[in-house]
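In order of appearance the chains are A, B, C, D and E, and numbering begins at 1 in each one.
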Amino acid sequence: MMLACLILIPLAAGVLAWAAARWSVTAARWIALLAMLADFTLALSLWISHYHAGFATWYAETDWAWIPQLGIRFHLAVDGLSLLLLMLTFFLGTISVLVSWREITEAAGFFHLNLLWILAGIAGVFLAVNLFLFYFAWELMLVPMYFLIAVWGHENRTYAAVKFFIFTQLSGLLMLVAILALFFLHHHATGVYSFEYQDLLGTAMSPGTEMWIMLGFFVAFAVKLPVVVLHTWLPDAHTEAPTAGSVILAGLLLKTGAYGMLRFVLPLFPHAASVFAPIAMALGVAGILYGALLAFGQTDLKRLVAYTSVSHLGFVLLGIFAWNSLALQGAVMTMICHGISTGALFVLVGALHERIHTREMDHMGGIWSTAPRLSGAALFFALASLGLPGLGDFVGEFLVLLGAYQKSIVLTSLAAIGILFATFYALRLVQRAFQGPNTRDWHIPDLVPREGLVIGLMIAALLWLGLYPRPILDTFQQAAARLEQLAPGK
Amino acid sequence: MNVTGSDFTALLPLIILAVTAIVVMVGAAIRRSHALSASLTLIGLAISIGSLWIAAPLLPRQVTPLLMMDHYAVFYIGLIAASSIITVLLAYGYFEKYEGSHDELYILILVATLGSAVLVASSHFVSLFLGLELLSVSLYAMIAYPRRRPLPLEAGIKYLVLAAVSAAFLLFGMALVYGAFGTMEFGEIAARLARPDFNLWLVLPGTALIITGFGFKLALAPFHLWTPDVYEGAPAPVSAYIATVSKGAMFALLLRYFYQTGSHELEPLHLVFSIIAIASMFGGNILALLQNNVKRILAYSSIAHLGYLLVAFQASGDLAPTAVAFYLVAYFVTTFGAFGVVTVLSDGTRDADLIEDYRGLFWRRPAIAAIFTAMLFSLAGIPVTAGFIGKFYVVAAGASAAMWSLVVILVVTSAIGLFYYLRIVVALYSQSTQTPATTSLARPGVVSLIFLSAALIYLGLFPSPLLALIHRLMPGLI
Amino acid sequence: MLPIRESFILAGILFTLGVIGVLARRNLVFILMSIEVMLNAAGLAFVVAGAQWRQPDGQVVFLFILAMAAAELSVGLALVLELYRQYKTLDTDVLSRMRG
Amino acid sequence: MLDLLWLVPAIPFASAFVLAVFGPRMRSKAVAVLGAGAIAVPAVLMLLIAAAFVSAPPAGGAYTQVLWTWIGVGSFRPAIAFYLDALSLVMVVVVTFVSFLIHVYSTEFMRGDEGYSRFFAYMNLFVASMVTLLLADNLLLLYLGWEGVGLCSYLLIGFWYQDPVNGLAGRKAFIVTRVGDTAMAVGLFLLFHSLGTLRIQDLLHTASDQWQIGSPYAVAAAALLLGGAVGKSAQLPLQTWLPDAMAGPTPTSALIHAATMVTAGVYLIARTHGLYELAPQVQLAVAVTGAATLLMAGCSALTQNDIKRVLAYSTISQIGYMFFALGVGAWGAAIFHFMTHAFFKALLFLAAGVVIEALHHEHNIFRMGGLRKELPAAFWTFLIGGCALAGLPLITAGYYSKDLILWSAANSTAGTAGLWVAGIAGVVLTSLYTFRLIFVVFFGQPATPVSHRPGPAMMIPAFVLAFLSITAGFATTPFAAFMAKALPELHEGGMGMSEVINSTVAGLAFLAGLLVAWYAYLSNPALGRAAATSRVGRVLHRFWFSDWGMDWFYDRLFVWPVVWSAKANKADIVDSIYTGLTRLAALCHRYFSLTETGRLRWYAAWIAGGSAFAVAIAMFL
Amino acid sequence: MTIVFYVSSAVAIAATVLMLTRVRAVHALLYLIVSLLAVAVIFYVLGAPFVAALELIIYAGAIMVLFVFVVMLLNLGEETVRAERALLAPSMWIGPSVLAAILLAEFIWMLARGGVPPAQAVSIGPVEVGISLFGPYLIGVELTSMLLLGGLVGAYHLGSRKAPHTEVTHATHP
């Protein structure tokens, strides 16, 4: 029931906010904020209350019948992994409500409806342990996201929104086909119709079949992640979305792809995944380098940040398919920290855009002299992005590389070069936008307290994750160990 | 052969439809009143639906060789009659703004509905053919109903000629099959088909010609060219009727004919169906891609949707009839919703059928825009809408039969299809300078829209009651 | 002995002639006539099939086709009149305002 | 006392944080007190700790303080833990002390700068990172400090961010050192993968247990760590960033780019000396790198006009000596040279800062001159520093440390005659460019009027350093004894050159350089000019001036291709696949739409054709 | 009997071809009637006298008369004839004929391969047809009545001149 609340609260609050906005927009904002805080508190209390018991198995399940004809249940459960991502979800959710406080003026009620529904959908993705429900939530989060981009986005929003939607839908449908294939295979083997995750684990199938079905899942997650070659929706969507949309896209939506790999691709198809692992790792490394190179070439600030996601999520992919505790832990760490650091960069870019109405770096420069806090914060997150030790991203990426090294020295070395590449774009960002002469004579207000609070929270979170990531690692530890057990050859 | 009282009861829903048509005609003869005719029609349709419960205990029952009243038929008759109610509600508001007499329309709707009901219950070539013609002949007049306007006339003539041609093909095909088997009853055909001594050289081409006839009605490629023109030309409620009732009844019949006779098991026909399905999915979606007319988009999308259904049809496992039934219900609701929006926004002079008409609608009429969005998402198969569950079932049916290539094509083409639905959605939400609308919309249309969207969401979230119903009714088929 | 096969062939020939008429003629009246030819050919095929199996059913179907042809034609001819009224021609190619 | 060790990095960290967040709102006096005070406390603390350490050495000669386990995944459990032994103790003491002096200097030097608090925030963050680096108990924490100092270096080079040149220099520094860091990171992976730990002491033990001398793992690990060291310490081939780093404020140059951070590579190699002993090839490479660097940089220093660039090249060259020492196994000598170098190079920079400030931020030495009288304090301190750098025999600390290195090169099993000769040549060069600098700047005719004279806050640190530059050399023997607790002693062997000969040759080399400089720049300036303008001279001059063309080479080999490909691919070539697909779909749409002619006959033909097709398939397939 | 069959077949085909190629609708109608008469003969040959009679009475008699009425109602002048003639260019026939030829070839191929056996001549007269019609096909008859009702209502509505003349709106079309 508690888990259902995590989804239901934002859903209900979304409707409420919509209704409330008719008479007071501020009320709608407060409703959204309170809903997010409530969810965050709930997730946090779940985490704290189970922290000492460890996160060995599913717990706090919600299990209701839904479509019994096909063995579809409304079945939610959490383990360490999902709990971590849920906390991230609601943390970033809170932040995205806060950053929209002034930015969104038009149809604010509808905006909050969409915002909260996306978060509900994402929470559903992280909670669902019924494959149908998972797919349902997976698709569900796209629609409000589409609206978020299409209605409140920037100049080229329509193109970006449609592109985003089609990419994710097509890949999602391929996953649906794979889910159904698995479902029928399971039915053939056992005579039972079930979409339950637990039931489908260990479904017997021939290597060829397993590979195809695995690929079906992989493609869906690869688009979200995004794996290079399938990534081109991302820069457009991130760039055109409003700030809250970018934060959620980078911070959470991409993570659903990685989560899917961890939750489904590896456990359901261990053999195919291990055969495929070298390719996936190579794709990850390609993403790291290619994304970084692209980020380096951009002049649109948001686009630059968007491409860094391609690069960072390359580490996640590399880590997942390196498939040992170190790398898996690293991947999860990277997911969380990337969510915060890139999210924060989007917040800052959004704040800057609000002030100077351009994202073009050629039009910036010298912002530091007029808005030192904003610029300093940007520097901080740029450093996080380039993997400065002491900040969260470093822990994740280092662990990934450490783990990946045991699988492939060459790929790891290339990926390490990716960290070097990160220096290029991160420093370029700081240099071009915030440093240099203030040729355009910008005079802009520095961060207001609300923004300062948001940024401060994120800085604190990153420092905490960078210096004392143990709680995170411990939470995921048992799940990681289980995954590692599955790796063939273990 | 005598028709007994029980047969009579079993046929009650059909009889009521026929009687209503006559009552409306008589009513119109006495007093020409739009409201009266519409109310009489609605009452008749409601009674007809009600009589399904009277008929149900007697089922399944073969009433003369022509009609098989079983749960399958009852399900679809109910669906068809309900759809006709929606059509009447939409048409009432639509034609209210329109000069001229409207009573004939309701008679035609009733006759067409009777034809559709006969189609879904038919177990014989003759009833098939007569049901089809009842439907077609009424549709000719319904399409061209506002006959002084050039587009309905054009659409009516096109539909008439092409329907007649395809009916001729169908008849010729049936003649060949009859020649091969010496029977026109589906059950008998199945029995003959099971024996090896029939004349395959007549059966295959004959069935292929029958497929032509079906394909025309279902607007499957390559028999689809008429669809956009007719949808565009016909009044919006009639387009909705063609898109739903006419196609739904035909598909139900297709399923019954092929499943009952087992003709779809013939290997070459499998190929024919596959090609048709693929061509429809690709053709429909590609054709709609950059189309600017909403009615034409819906027409093209219906081509694609029937292609999807054909995939489920071919799966022919346990899931297929369920998938088709659910999909059709979802499709009916959605299509009525979409055309309903077009209908209520149309004024007396022209249909609101250009994407431009919808630009910024969200800022003018948020509720209507939201409904339209829901309908479009349902067509696209996005969760929370009935269309999602429908598509899920169709894909599931395809997957259960391991028809991977068809399923993948379905998936890919439906992703292409997203684009044009989104084009409309984009228009709905784009900023517009127009001020919020103040004029009120036709109430019956709005009421039905609200009902349809409620049904859409309900089916999308809680499909299991309907699925349970389908499961209870469907075993009669196979 | 009845020339069943030959009759089927005759029906086929008449049917295809009707097809030619529908495809080649642009005059709506001719198109309707060609459709009549097609329907008649289909009816012939039914009668032939009935004769082959020595059943009356083929002839019954022919009767229904007859009725259907009548109903269809009545609507069709009404549309012919309306077409002529609006366009002053029977050329169906004028009916291509909707396309694309 | 030792358990207060954690405060040494913690206090500067905290002060950096406070200054970064609240600094802009604090008064500059408060900033100065907090900035310098936050270094003074650790410096004093460190002296106390050192006293405690010496008076009551902890068991095993090392003290470890574990704060918390940083990361815990399986057997990978690096901690935030500090390790204090003779090596790190000396390093930390020197670093904190020199830092303190430079902070004091900075309070005056930077006064009035709009980024006053920012400057101290960066500087304190730097000290904290540097101390962390030095005290790190494991390589990961070391890496944290390592990157931290790199970051601070970047921040301080680009401190005056409004000039894009500074920003570029900062980026260059960060990126070039990160090239090395990447190698080092891979080295860390290798070490953990093979040895299962990153704790330095465990690592060295396990390595010597598991690996034979010359084992490929050891070679690879040592080489990869060397990569990191080379980057941070600006050795060949990654030395190119350091001269540009002079764009930063002069105290920064003094502290980071001369005295402390750049020696991190030396420290790293000394810290992991066990690995290098297992990989003699790499150790030789260290020596050769050092030798080559010291010569090349010496040549380059000879041609520079910018006072700070001369000093920068001299730094590269002096660190070359340290590498040289490490390479021949003179671990203690390297650290000793680190210490003396820290004193005299910081001193030189501080004095140079005084000069620069006095001359309106004039950097070109040929526009200086005659400052001996105008700025006597600066002159004398600079002279002392210069002598120490050049190795004025018997008096200066630099002489003792360098002499020790040269002697080690001759008397180590790892040393060779060639290396020794290179070292001696380096002494000549050093002496030459140092006195060139001194003569040009402080002698001759004044070229630019002096506008500003340093206050006590700037001069007192210089005096202290000057004092140390001379006296530190006398501590050679106790220092060596102390170092022996942490580092292995020299494996004596090789040529077996006597100390007297070595010292004499070194002294002569110093004199040679001094005389040439005197002759070419003071007594007969035309000659120097003639040498520089002769054909060979011009080529060499340009070549050396541009740092042997390394920047030119790197630009073409690495920078341009990356920049070009990033620019060229701004729109992402992969996206064109998808735009191509959409175009294809649109094209299909257009062609398909042609079938919808609106003509009845055409539609009927499709029905007939379709059925003919269906019949054909049904019959013939 | 066989001769009668072939002769009437030939007549039917020839008359149909002639019908197709006429310029004037009335001429075509006459040929169509001839074709229908020939088919009636074939019905007779096939042992279906009842249908043969209906073909004569209803098809040739009633339905064709409807055509004639319409043609007369339209009162097409010489100009229409000329226009019609212009449309009948030989090239017009190529496409349809090829398509039809393919279809026909398929039919013939199918019948040739299918081997439909000739059947014994048995005449099935009006009685059997009637029994059948009002026996198993009773519902069909009822439905036919509804069909005719639909046709009637549709034709009435579309053909009625009473409807007020609304302006022909030429909706803009992209």
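Everything that follows uses one rule, which is that a residue touches a chain if its C-beta (ideal position, glycine included) is under 8 Å from a C-beta of that chain, and two chains touch if they have at least 3 such contacts.
Worth saying up front: this structure is predicted, and the values here are computed from it rather than measured.
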Hey, what chains does chain B share as contacts with chain E?
C, D
In the touch network of chains, how many steps separate chain A from chain D on the shortest route?
1
Chains touching both chain B and chain D:
A, C, E
Chain of greatest Cα-centre distance to chain A:
E
For the chain pair with the highest number of C-beta contact pairs, give its two chain identifiers.
C-E
Min distance from chain CA centroid to global CA centroid: chain A
Compute the centre of every chain as the mean of its C-alpha atoms, then state which one is farthest from the centre of chain C.
D
Can you compute the centre-to-centre distance for chain D and chain E, using the mean CA position of each chain? Integer Å is fine.
99
Go ahead and note the Å separation of the Cα centroids belonging to chain C and chain E.
5
For the pair chain A and chain B, the C-alpha centroid-to-centroid distance in angstrom is 42
Where the centres are mean C-alpha positions, what is the separation of chain C from chain D, in Å?
95
Listing for chain B: what residues touch at least two other chains?
126, 130, 133, 137, 140-141, 144, 147-148, 150-151, 156-158, 161, 165, 176, 179, 201, 205, 228-229, 419
Give the residues of chain E that touch two or more other chains, as numbers and ranges in rising order.
95-96, 99-100, 103, 106-107, 110-111, 116, 137, 140, 144, 147, 150-151, 154-155, 158, 168, 174
Touching pairs of chains, which are they?
A-B, A-D, B-C, B-D, B-E, C-D, C-E, D-E
In the complex, chain B touches chain C at residues 125-126, 129-130, 133, 136-137, 140-141, 144, 147-148, 150-151, 153-158, 160-161, 164-165, 167-168, 171-172, 174-176, 178-179, 182, 184, 228-229, 232-233, 291, 296
Residue positions on chain A within touch of chain B in the complex are 66-70, 132, 136, 139-140, 142-143, 146-147, 150-151, 158, 161-162, 165-166, 169-170, 173-174, 176-177, 180-181, 183-184
Residue positions on chain E within touch of chain D in the complex are 95-96, 99-100, 102-103, 106, 109-110
Where on chain D does chain E make contact in their complex?
601, 605, 608-609, 611-612, 615-616, 619
Per the touch rule above, chain C residues touching chain E in the complex are 1-10, 12-27, 29-30, 32-34, 36-37, 40, 44, 47-48, 50-60, 62-64, 66-75, 77-82, 84, 86, 89-91, 97-98, 100
